[in-house]
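In what comes next, chain A is part of two complexes: it sits with chain B in the first one and with chain C in the second one.
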Partner chain A sequence: MTEIVSGRIPRHGRRIIGIWLVLTAVAVPLIVLVLGPHLPPGRMTAEAASQRDANVLMTALLVPIALLVVVCFVYSFAVFRQRGEVILDGPPLKGHAGAQLFWIVLTSLIVLALAVWGSYTLIAGSHGAGGGQGPDPVAKPNGYQHALPVQVIGQQWEWTFRYPTYGGLETRDLAIPNHVLVAFHVTSIDVTHSFWAYELGVKADAVPGVDNVAYVHAHKTGFFQIRCAELCGLWHGHMAKKGRVLSSSAFQAWIAAAKTKNAAVMAYLPKYNRVYFPAPLRRAG
Partner chain B sequence: MSATAIAVRPPVWRRVIGFNMLTGLALGISGWFLGGWIGGQMAVGHDYLLGTDQNDVGIFMGYLFAIIGWLVGLGFANYPIGRLLGRSPTLREHETAGWTRYFKMCTDHKVVGIQYLFGVGIFFFIGGLNAMLMRTELLRPVERPWPAGQYLTLVSLHGTMMIMMTSAFILGPFGNYFVPLMIGARRMAFPRIEALTFWLVPAAGLILMSAIAFGGIATGWTGYSPLADEGRAGMDAYVTAFILIAISLTLVGLNLLVTILTMRAPGLTWTRLPIFVWGVLATSVLMVLAAPVLVATMTMVLMDRAANTSFFLASAGGSQYLYQNLFWFFGHPEVYILALPGFGIVLEILPVFARKPLWGYRLAVAGMLGVTLLSFMVWQHHLFVSGMNAGLRPFYMLTTELISIPTGFIFLNAIGTLWRARIRFTVPMLFALAFFFNFLIGGLSGVFLSDVPSDVTTHGSYFVMAHFHYTIMGGLVFAFFGAVYYWLPKMLGVTLNETLAKIHFWMMFVFFNLTFFPLFAAGFLDMPRRVSTYAPHLQVLNDFVSASAFMLGFSMLIFIANLVWSLVFARVPALANPWASRGLEWQLPTPVPTENFERIPVITSGPYEYGVAGAPPVADFTPAALPAAGS
Partner chain C sequence: MSKAARFGIVSAGIAAGAALIAFYIVSYLTVTPPVVAATGTAPQVNLTLQTVAAFGHPPHVDWVSYLAENAHGKWVHSTVLRVPANSTVNVTIYQFDTATGLRNPFWGRPRGTAGGTINVDGKTLNVLNPDLASHTFAIPDLGVSVPLKGVADDAKNQCSVAPCSLSEAHTTVKFSFQTGKPGKLRWQCFVPCAAGFPLGFGGPMQSLGWMDGYLEVVG
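Our next item is the complex of A and B:
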C-alpha cells in the first residue's frame, strides 16, 4: 500500500506545478498589461511613476505566490478528500527536511530581494518616492538646492500654501509648475494631518512644529486631487481640493494673479517661517 | 474533597444579594458619583479649567472610584481583607454551583473561560452593530443619516471595541478554558488574578461606551495626540478603558505564561506541547511585554488632559512623534497578539481533520517564536511618511518584510499537513481552511504596505482598512469561529446544529470577501480612511460593499440563532470526543469535572500521532506512581 502511494507522489507534485505554471502564465501578463496601467497613482510625476512601478511589480510577484498556495490547497481538497462518515488515518508524514529548507531559502530570497529592491527605488531610484522625509531629507534628487519650495500648511480643516520665493505669498489653492523640481514643506498649526496629493504621488504628514519635506517632479500638466490622510477631527473628510500642474508661463501668470488677489490679506500674515508655533490647545466642540 | 459543602442550596435571595455583578454595578455607579465629586473638589480653582468647558479630573476620578466600586462589589476585596483580619487562606471556588456563578467572581478556569466567551462575544456583537451603522452612513457620499461627529464616534467605538475585545478573543475563552486541560493541570497558576482579568473586561467595555454620553471619541482607535488632547470628555473614557484592558491583557499573559512554564504534567515535553499552547505561549510573551507600554502611554495622555503636562503637545515643547512611537511600539505587537492565537487554533484543528500528524511541528514553533521576536522591531512602518527618521525607512522595510518568512512557515505546515491526508470538511475545518485563504490575502497585501514607495500611495487609505480586516476579521475571527465549533461541545456539553453552522460558514466566507476585497480598490482609488464623505464616483463601489456587509452581519445572526437553538431548545448532548481527536482535553468526560483530572496524568505521547503505527495513547490517566506535587 505505501509502495503504491509513494509511487504517486511525484505525480501530485508535477500536476500542482503544472496547474500553477498555467495560471501564472495567464495571470502575470494580465496584471502587467491590463491591470497595470490602472494601478495608482498614475504617471503624472516621476515619483508617482515609481509608485506605479512598485505596485505593478509587487502585484506581478505576489499573485503567483498566492496562486501557488491556493493551488496546493485546492488540489489537496479535491484529491485528498475523505468521503463518507468513516474516519481513517492518513500516512504519518511528520515533515521533510528538504522541503522545509527549500521553502525557507525560497521565501528568504524573495523577501531579501524585495527589501533590497525597495530600498534602492526609495533612495536612489525615486528620491523618497514622494513620501515625507522630515526636515533633512536623506534621499535628495539632483539639483535639490534649486527646487521650488512650496509650503503646505494643514489646519483644522483646510490646506493653505505659501510660496517663499514669491514673497511668502499664501493661497488657498495649489499650483505647481511643470518640469520643475518642487520641494513641498509640509507642516501643521494644530493637530497632525497628512498631505496627500494623489496623482502627484505625494504623501507627507503635517506635524505641528515640524518641517516635513517631500520632493516631486511633474511631467504632465493637469489637475490632481488633494486630501488629508490622517484623521484630524470632525471635518477630516472635507480637507479635499483640486490642485493643478501648470506650464511655466501659466504658472507665472497664476502667481501674478494670486499676488494681486491676496495683496490685501498679505499684510496680516505672519512672516514666512519653516514652522509656526502651534496655537495653544483648545477643546474643540 | 469539598463536595459536601455544596449540598445545601442557598435560598434565591441569598444568590442575588451578595458579592456579584449586580452589587458591582450598584457600587460602581455610586463610586462614579463619589469620585466625580472628589475630582471636582480637587480641580476647583486651578487655571487648567480655563482652557476647557469640562472637568477631566472629575471624570477620571469618577472612573477610578467606579472601577474600585465594581471590583469591591464583585468581592475582589474579600480575600485581602480576610487575610488582614487573620482568616485562613482559601480558594473559595466551590462555594456556588449553578448558573449564578457565571455572574460572580469565580476562580474555576472553566467558568472564567465561559464568562469570557459570552462577555467578549457580547462586546464583539456591539462592535459589529457599530460597523453596520457605519456602512449605512457610507451608502451615500454625504453625511447622512448620521452627522460627521457621530460617524467619527462610531468608527472610534467600533475600532477600539474590536481591538480591545478581540485581543482576548481566543486567549480569554479558549486559553483559560483549555490550556490547563491540554497541559494536564487542575487550574491556572493564579486563579484569583484570572478572575480579575475577566471582570476588568466588562468594566472597560462599559466605560468605553460611556464615551457616547460625553461627546464621543474623535480620534479613531489610535488616539493620536494632539487630537486626543483636543477631544471632549469622551477621550477620558477611551483612555480609562484602554488602561483597564491593557492591565487585563498583561495579567492574562502573565498568568498563562507561568501556567505553561510551570504546570505541565509529567511527560509533557516541549515537543509534545499542543501547537495551540505554543501559540498561547508566544502571545503571552507579547502581551506581557507590549501591553504595559500601552498603560504608560495612556497614562501620559491622561496627564496631558487632566494635569496640564505636555508630553505630546508641540505648543508646550512636547512631541506627537513620542506618542506615535509609544503607541505603535505597543500597537504592532498587538497586531500579532491578534494573529498568533489564530495560527495556534488552525494548526491545532488541521491535523484532527486531516488525520495526519502536524507536518513540520518544529517549523511551526519556530515560526511563532520568530514572529514574536520580530514583531518588536517593525513599529515604525506606521511612520513611513511621518517625517521622522527617514533614514531608518529601509531598516523597517526590511524587518517588516522579514516577518513574512516565519509567517510563511505556518502556510507550509498547512500545505504539508493536507498533503496526502484524509481531509474531512467539518465546520471547524472549513473555518480553519478559510483562515488560510483570508490570511494569505491579508498578509500579501501587507507586503505592499511594507514597501515604502507603495505605502506612499496606500498609507491612510482604505487599502490599509481592507488589509487589516483581512488579517483580523478574516484571520482571527475565522479562527475564533473554528475554535467555537471545535470546542463548544466540550465547553457547553451540547452539539451545535450542523446545517445552520454550514450556512453560517458559507455566508460569512462569501460575504466577508465581497465586503472587504473591493475596499482594496477603494484605497487605490484615493479614498482615505475614517471619512463620512467620499468622492461621488465611488458610490457604486461603496453601496456594493455596504450590501455585502449587511449580509455579513446577517450571517452572525445565524450563528446566534444556532447557539440559542442548540443551547436552549435542542440540547443534543455532545459526545465526549465527537471528532475522535487525540487532544488531551478530549479524553476528559463532558462536562469536565471541577478538578479536571482525578490524578495528574502522565503524558506518554504527542497529540498529533495520527496514523503512527504503535503510537501509545496520549496520556496515562491512572499512573501507578503518584506524580510529584505541583498541581
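Our next item is the complex of A and C:
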C-alpha cells in the first residue's frame, strides 16, 4: 500500500547544514593545529615543509566535503528509515537551479584554486618540491648555480654517493650540510631505482643514462631515511640506509674523514660524469 | 555420457589443476637452500666458499654460483650461511671464475674486514684493481664488501663443473669480519655476473642459492 506523505515537512536540509557546520568548525581547526604538525614528511627542508603544507591544506579542504557526505548519509539513515509495515512514498524531488549552479561554481573554484596554488608551489614556491626534474630542471631555485652537487648512484642493491666538489669522492654514506642548497644528481648504473629521502622531501627516479636533478635546502640537522621506491629486484626491500644533515663544520670534518677512508680506491674511480655507462658488459650475453 | 559423469570429469580436472598450482606456489615459497654452518667454535669460526663460472648441473647448468663447504669438507650448493653472534668469522673464498671487472670500481676497496684489508694469494691488499675482479662478497648491513680477484682469462686447467678442485686454476681470497647481534642478513655479489641475461642482472643474480644468500647470525 502506498501513501503520499502530507502535512508539514521538517527542514531536513537546514538540519543537515547545521550539523555539518558544527562538525566542520570543530574538525578543521583540529586538523590544522593538532594533526597538521604530525603530517609527513616534516620540516627538515624547505621542500619537505612545502609538502607538509600541501598535505595540511588538502586535508583541511577535503574533510568538510567528506563530513558533508557522512552527515547526509547518517542523517538519512536515521531520519528517513522506514518504520512499520506501511510503505510511504516521500515528497517528489525537484531540481533547484540555484543550488546546482552554486555547487558547480563552488567545486570549480576549489579545483582551479588548488591548481593555481599547486603550480605556484611546485614551480616558484619550492622549486620542484623535492622531485626529480630531469637533466634540465624547469623550477630552479635562486642561487642554483652555486648549489652543492651530490651525485646519487643506484645499483643493485645499494646507494653510493659522489661529491664532485671534493675531487669526485665516492662514499657509501650520505651527508649534506645544513643551510646549503644541494642539487642531487640521481642516476643508476643498472636498472631503474628511485631515490627517496623521506624526511628531506626528496624523491627522484634513478634511471640508467639519465641525470635526474632534485634540489633540497635543509633547515635543521639530524638523520633522514633513504629508501628505494622502485621495485628493482631481489633485495629491493633492503636498499635502505640513513643519511645525515650536518652543520657546516661537521660536514667538512666528515668529508675529510671520508677522503682518508676512501683514498685507496680514488685512483680507480672513473672521472665524475653526469651519467655512466660502465663496463663490464661482457656478461650481457 | 551422462550429465553426472561429465560433471565429475570437469570437477576432477579443476581440482587437479588447482592442486598443481597450489603445489607450485607452496614449493616456490618454502624451498630454500640448505643451511651451511661455519666450522670452529665461537668467538672464532671459519667459513669456506667457492665461486664457479658455471654450476654444471641441473636445473641451471650454465649459471654462475657460490658454493659453501660444510663441516665434513663437502661442497654444498647453498648460500644460506650460519655464523655465531659477536664472533670473528675467518673467510676463505676460492675463486674459480675469470675476471670481468667491477661495474662500480668503488667496490674495489675492501670494507668491513679486519684491518680493512684482504689477503689475495698470500698478498695483503687494501684495494684491488677493479679490472681484475670477478665477483664480490658483500654483507651491506655489516658494512662488509670484498672484491674477489678472478682467474686470468688464459689460465690453464680452468674449472668447468662445480664443485671445483684446488688442483684447478683459482685465486684464494682470505679475510675476517666481525658479527654483531643475532639476526638474518642478506649478502650478495655486486658484479652483474649473470651470463645470458640482459646486462647480466637476471637469473643467478636474483636467486637465493646462487649469487645471493642469507647470513644467519645466531646467539
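Please note the rule applied: the second predicted complex is superposed on the first by the 253 of 285 C-alpha atoms of A that agree within 3 Å, B and C clash if a C-alpha of one lies under 4 Å from a C-alpha of the other, contacts with A are read in each partner's own complex, and residues count from 1 in each chain.
The working rule: a residue touches a chain if its C-beta (ideal position, glycine included) is under 8 Å from a C-beta of that chain, and two chains touch if they have at least 3 such contacts.
Keep in mind the model is a prediction, meaning the values are calculated, not measured.
Touch criterion met: A:262 reaches chain C, while chain B stays clear of it. By the touch criterion stated above, A:132 is placed in contact with chain B alone, chain C being left untouched. Of the two partner chains, chain C is the only one that A:270 touches; chain B does not reach it. In the superposition on chain A, contact is made by A:170 with chain C only, not with chain B.
By the touch criterion stated above, A:41 is placed in contact with chain B alone, chain C being left untouched.
Using the contact criterion defined above for the overlaid structures, shared-chain residue A:146 touches neither chain B nor chain C, since it reaches no partner.
Applying the stated contact rule after C-alpha superposition, one finds that A:11 touches neither chain B nor chain C. Chain A has more of its residues touched by B than by the other of chain B and chain C. With both structures placed on the common chain, the touch criterion links A:157 to chain C but leaves chain B unconnected. Contacts of chain A with chain B, set against its contacts with chain C after fitting on chain A, overlap at residues 190-191, 233-235, 238, 278-285. In the complex of the two chains, the chain B residues touching chain A come out as 51-54, 148-149, 152, 218-220, 222, 224, 226-227, 229-232, 313-316, 319-321, 354-363, 384-391, 393-394, 397-398, 401-402, 404-405, 408-409, 411-412, 414-416, 418-425, 433, 436-437, 440-441, 444, 447-448, 450-457, 459-461, 524-526, 528-534, 580, 609-613. The residues of chain A lying in touch with chain C in their complex are 153, 155-158, 160, 170, 172, 189-191, 233-235, 238, 262, 264-265, 268-270, 278-285. Note for the complex: chain A touches chain B at residues 5, 9, 12, 39-41, 47, 50-51, 53-55, 58, 62, 65-66, 69-70, 72-73, 76-77, 80-82, 87-96, 99-100, 103-104, 107-108, 111, 114-115, 118-119, 121-123, 126, 128-135, 137-139, 186, 190-192, 194, 196, 198, 201-205, 207-214, 225, 227-238, 277-285. Those residues of chain C lying in contact with chain A across their complex are 100-101, 103-106, 108-109, 111, 126-127, 129-130, 138, 140-141, 143, 186, 188, 190-201, 205-208, 212.
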